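Look at the two complexes coming up: subunit A is in both, with subunit B in one and subunit C in the other.
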Partner chain A sequence: MENVGALALLLAFCISLYSIVASIVGRLKRKPFLTLSGERAVLAVWFLVSVASGILIYSLITGDYRMAYVASHTNRDMPVFYKFAAWWGGQEGSLLFWSWLLSTYGAVVVFTTRKGHRNLLPWVIGILSTVQLFFLTLNAFVVSPFQVLAVDKVVTSVADGMGLNPLLQYWAMVIHPPFLYLGYVGFAVPFAFAMASLIERAPGDSWIHTTRRWTLVTWLFQSTGVALGSAWAYHVLGWGGYWMWDPVENASILPWLAGTAFLHSVMMQEKKGMMKVWNMVLIATTFFLCIFGTFLTRSGIVSSVHAFAESPIGKYFVSFLALGIAATIWLILDRLQYLKSESELESVVSRESSFLFNNLILLASCFAVLWGTLFPVITEKLSNEKISLDAIWFNRLMVPIGLGLLFLTGVGPLFAWRRTSIDSLRRNFQLPGIGTLLVAAALFIGGMRYPYSIISLSLCFFVAATIIMEFFRGSRAISEKMHIGFIPSVIELTHRNTRRYGGYLVHMGIVLMFIGYSGHPFNQTAVGEVDKGDVMKVGAYTLRVMDLTEGDTPNYQWETAILDVSKNGNHIGTLEPTRRFYKAAQQATAIIALRTRLNEDLYINYAAHTGNKATLQAYVFPLVDWIWIGVLVLIGGTLVALVPSKVARSYARTEVVGVAAQKSIPVPEADRVTE
Partner chain B sequence: MKRSFFLKRAVLLPIIVLIVIFAALAQTESEIESDDVKRVGTHIACQCGACQENVNCNMSSGQCHFCKPARTKIYKMQRAGMNDEQVIAGFISDYGKSIFRADPNSYFWMVPYLSLLAGGGLVWLILKRMRHGKPLTPAPAGPSIHDPVLEKYRSAIEHDTEKLD
Partner chain C sequence: MRKYGKFAVLMAIIVGSLLWLATASVSSSKTYYVTIQELHKLGNNASTRRVRVGGDVQKDSIVRGSGTVRFNLVQEALILPVVYEGRDPLPDTFKDGAQALAGGRLDSAGVFHAQEVQAKCASKYAPKPGVAPDGLQKKMLPTDSKSSYRSAL
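So, the complex of A and B:
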């Protein structure tokens, strides 16, 4: 069975190579049948990688312990759900998963663009197949998931496997990697279209129109993946952290930040024909950060709490990144003349410049995260000194930048395209501005003394107020014109321009998340060793230990503390934090007990068992629920933005009143595209 | 009666003294999880060897076989009057220099913020350049229409495009 899997990967490798050659030669020599065979090769690669993946999944579920990967990442007593998740639980399997997703995306691209973009498609396929070839090289020759256990060249097997890391045996962790990977891999498609457009010297923005929805879906996957990872950390790790700036977490946020910058910046190109070079740079940066993130997770260059073990694949990633980045830079520089801006900036106080500043802050955040992630490595290389860089340091660095971004989230959308008049500025900012100052004053008078929290909550009010005003103004106009109620008019307004109002909802999601982050300085903690009958206090809560119980399952042993919880003397219920000890992995994990409310979470972790006593860690986390609500609003907003608008929008470009005095670039008649 | 009182006292006193000593020496969980202990703990690298596998294992709050005793040791050293440097020096003498983790230096702050400043300058230059772009030469003259009604519509369009999304 494993031989069939390995053979499928080898064949997929060969066919990927063929796909690259056939597509590119077919396009250069104008041989449509050759290009078509390149497209069909993509489908064949998808079939072969699916076969290999199917064999690996079958081996994981049936427990074929002759295979090294199966023995390392599953055991007999694991639920089937987690056996399936072991596909992406380890190095080799996750790389195969990457390949499978990329081949699936490739097949979808071939299917969806079968009737259009005939000139771009061969290059798109060539680029996607090159990326695929890289991952298949790793899968087939470097870290094969089909290696078998052997002693003196005789295949052997073990009685039971080591099991999946117990911390990963949690529902959010089962779906978190697929979402993140869907995001990582998905950015390959807009990148491929962008580069294909450059190679073909295709004028216009057809690659942007084609990949807009694709980029948004990919961004949605990545946002959801990052949020699921955050939720997993909060609910599983036992100390209530939802973001600890671990290198692997940073690896997931880097392309997200660059992708967010791209999603904003691309609007400048669509509506004004500006920032063409910049958009190419941004989409390439996003894609290479996806590859870099995968490299960071797997190379072992940074010490991470959830990196894969050190492996030889780091040098392959470095080579691929170096070649890819060099080729992209060359291509952009070579085609600069085709990326000239079609418009000029009319005023500094305009939507255009707000996009520039938005891009600046997003990329500055991206660079700061990258710098912080690599800082320990750089310092160690330069000074031979190891650095302790925990979340506190990162928060000090990132919070001011994050607040700047929040401010721009409120300000940016209120500027008009071309220029914003003083009257418009006053109309849009006067009320929210005064309200923001009042909120800040009220928080200070109310006793809040954390400057960042005051600024953050005030800015949240500002941004929320501007968004609500935008919805209110538009809806009122529709309501008066169509004589319909306010709620239907909000729906009508959103439906008329889903992209704009979906975007506002995404911004509202960000606001809600910042409300959640603002509660962080007010966290309260208590730790205690308790026995039956003991009492422990945290914040306004009193926890009385009613019982300490224990039990055994084939997969793990467990201990539970049954706690009677009261708040300000009033009984509010029972909580049961549990500690599990997984037998195969010989590792303990916490199943935390959580009482969740909009104002605060009571979070209890059964941390350890010493003698007859249980060590309990109790926390009160104010406002943390708003983070998860914000994520849901962000997802909802992105889905709204994906719905086609009721009113088809075509954006008039700036009127051409003249041609540049200097030499202009002639565009061949055949390549001219009507927008 | 009096003898029995002294006897009782002779027995009770050492017990009470022992209890007081133990109470003074015993570390409660909240003490070894204090901010003072964690502050020093961030400069000590966990030596359990399982950090790559175990996400819970970090020196400042981990529960592994190295972290917890190490935090207890930090607490005891602090109680004995040692400052942060002395506690860390104690760990270095026991485990070698590789156990030490330094705070990041000022480059950690400076580089991102200087980059942000440089980026701001660049954006300013771009804005300036975009505002004062290359001079335009008039396009070939097209048919010219002078119609007051058309002018009215043109100004309305101009007004609307200001608010254009």
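So, the complex of A and C:
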């Protein structure tokens, strides 16, 4: 069985190699049958990697404990769901999962572009297959998932496996890696199209149009993946943190930052023909950061709470990254004359400029996170001392950056292209601006003394106000013209330009997330040992330990503290934080109890139990739920942006037709008259 | 030229203030990663610097007192006595034989006062490549399927 799997991977490796050669030679020698066979080879690779994955999953679920991977990542009494999830629970399996996703994407690309892009496709396939070849090299030769246990070359099995890490036995953790990987792997496709159009010297933005949905879907997966990781940390780790700038978290946010910058700056190219070189650089940066992220999590180069051990794959990743980056730089420099900008920047107060600064800040934050993550590695190389920067450093830097971005989120979309008139500034910003100052003053008078929270909340108000004004103005115009109610006209407005109004919804999601972050300085904590019958206080809450119970299941033993909770003297219910001791892994983990409300969460971790005493950690986290609500709005907004607009919109470049003419021409993409 | 000047000034202000923030925050946030051997070599510096020292938790060395937990970290033949004085309960992964990372300062008596302890369960998070996890029999090593294929023939 495992031999068939290993053989499938070996064959997939050979066919990937063939696919590269056939596609490139076929394109260069203009031999359509060769390029076609290159396309078919991609489908064959998908089939073979699927077979290998299927065999691994089958072994995991049926519990074939002769196999090293199965023995170290599952045990008999684990639910089938988690046995399946063990596919990506360890290094070997997760690299196979990467390969499988990439081959699936490759097959989808072949299928969706079978009609158009005859010139680009061979190069796209060549590039995707090269990436695939790299991962198959790891799968087939370096860290094979199909190793079997043996004593003196005689295959042996063990009675039961080690089990999946208990911390990972949680629903969000089960679906977090697939989402993150769908995001990581997905950026390979726009990258391949970008490089293919460079190689072909294909002028124009067709690679951007073709891959816009890819990029957006990929970005959506990645955002969801990052958010799930954050939610997992909050709900499972037992101290209520949702982000601690751990290297592995940073690995997931790095490509997200670069990808977000890319999503914004492609608009500059589509509408103004600017920033062409920059977009190439950005998509390449995003892609290589995805590879780098995989490398960071898989190689253990920076010690982290959840990185895998140091392993032999590090040098493979470094070589692949070095070669890939060098090739990309050479390609961009060589084809620079095809990437000339078609217009110039005119004013600091313009849409172009807001995109520019958005990109600058996103990239600066990306670089800062990268620098902070690699600081131990850098200092070790330079001075032989391994120095790490902790969360304080990241927060000092990233909080102002985040607030700057939030500000741009508010002003950017309302600046006109080219330059913005004083009149327009007043019309768009007078009311929200005054409101913002009032909110800040009210918060200060209300007793809030954390500058960042005040700034953040008042900026949230500002951005939300500008977004709501945009929806309101557009809908009112439509409702007057078409004589329909306000709600239908909001839907009509959004449907007419899903990209624009979906984007606003995404911005709204970000605003809600910032509301959640603003609550952080007001967290309250209490830790203590409490006897049965005694009480503990945190914030306005009183917790009385009513009982300590325990029990047993095949997979784990558990003990639960039954707490009677009251707030300001009023009884509000019972909470039951639990500890589980997983037998196979011989490890304990906490199942926290949570009382979720929009204004604050009450969060209780049953940390330890000695005799009749329970050690409890209790926290009050104000506003934290708005982060998760914001994520949902962001997902919804991205989905709206993916719906095709009702009116087929031509993204005509705004030609320079003189200031007087501009005054009377409705700007098509804005759905409103710009002065 | 004037408008590009404005862009340049704005960018310089943004990048400059970020660089300033980044460098100014390093000193208050940096932590030295050391081995037990390096910690002893640091001598007087060790008591002023914030360090994180790694090692394995010595078997049966964990003594839980009121508010503090004492244990020993071992690395090769060196043993470092640690007193954990942090407020939070120790993580679930902290137990005999676990790999632990203690953050804090060394006192003049050679006892390490830790404010935070991270632990990873040696057998779970980090099976050493090519070596069977602890729970599996010592003699059993995973071999790749190719050699097992040969033996099956």
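Here is the rule we use: the second predicted complex is superposed on the first by the 641 of 675 C-alpha atoms of A that agree within 3 Å, B and C clash if a C-alpha of one lies under 4 Å from a C-alpha of the other, contacts with A are read in each partner's own complex, and residues count from 1 in each chain.
Please note the rule applied: contacts are C-beta pairs under 8 Å (C-beta built on N, C-alpha and C of every residue); 3 or more make two chains touch, one makes a residue touch a chain.
What you see is a predicted model; the values in this text were computed from it and never measured.
Partners subunit B and subunit C, brought together by superposition on subunit A, clash. In the superposition on chain A, A:L363 makes contact with subunit B only, while subunit C stays out of contact range.
Applying the stated contact rule after C-alpha superposition, one finds that A:A416 touches subunit B and leaves subunit C untouched. Residue contacts after overlaying the shared chain place A:V70 against neither subunit B nor subunit C.
When the two structures are aligned on the shared chain, A:L634 is found in touch with neither subunit B nor subunit C. In the superposition on chain A, contact is made by A:N497 with subunit B only, not with subunit C. Using the contact criterion defined above for the overlaid structures, shared-chain residue A:T156 touches subunit C, although it does not reach subunit B. Using the contact criterion defined above for the overlaid structures, shared-chain residue A:S341 touches subunit B, although it does not reach subunit C.
Shared-chain residue A:A526: touches subunit B; no touch with subunit C.
Applying the stated contact rule after C-alpha superposition, one finds that A:L389 touches each of subunit B and subunit C.
According to the touch criterion, the shared surface of subunit A, contacted by subunit B in one complex and subunit C in the other, consists of residues 165, 238-239, 303, 305-306, 309, 345-348, 353, 356-357, 360-361, 364, 368, 371, 375, 385-390, 393, 396-397, 401, 527, 587-590, 607-608, 615, 617. Subunit A meets subunit C in the complex at residues 2-3, 5-6, 68, 71-72, 143-144, 146-151, 153-156, 158, 162, 165, 238-239, 300, 303, 305-306, 308-312, 345-348, 353, 356-357, 360-361, 364, 368, 371, 375-376, 385-390, 392-393, 396-397, 400-401, 404, 527, 579, 585-590, 607-608, 615, 617.
For subunit C in complex with subunit A, the touching residues are 3-4, 6-7, 10-11, 14-15, 17-18, 21-22, 25-26, 28-34, 52, 54, 87-89, 92-93, 101, 118, 120-121, 123-129, 132-133, 135-137, 139-152. Every residue of subunit B that touches subunit A in the complex is listed here, in rising order: 28-30, 33, 42-43, 45, 51-58, 60-61, 63, 68, 98, 100-105, 107-109, 111-112, 115-116, 119-120, 123, 126-127, 130-131, 133-139, 161-165. Per the touch definition, subunit A reaches subunit B in the complex via residues 165, 167, 233, 237-239, 274, 303-307, 309, 341, 344-348, 352-353, 356-357, 360-361, 363-364, 367-368, 371-372, 375, 379, 385-390, 393, 396-397, 401, 416-419, 421, 424, 497, 500, 525-529, 587-590, 607-608, 615, 617, 651-652, 656-662.
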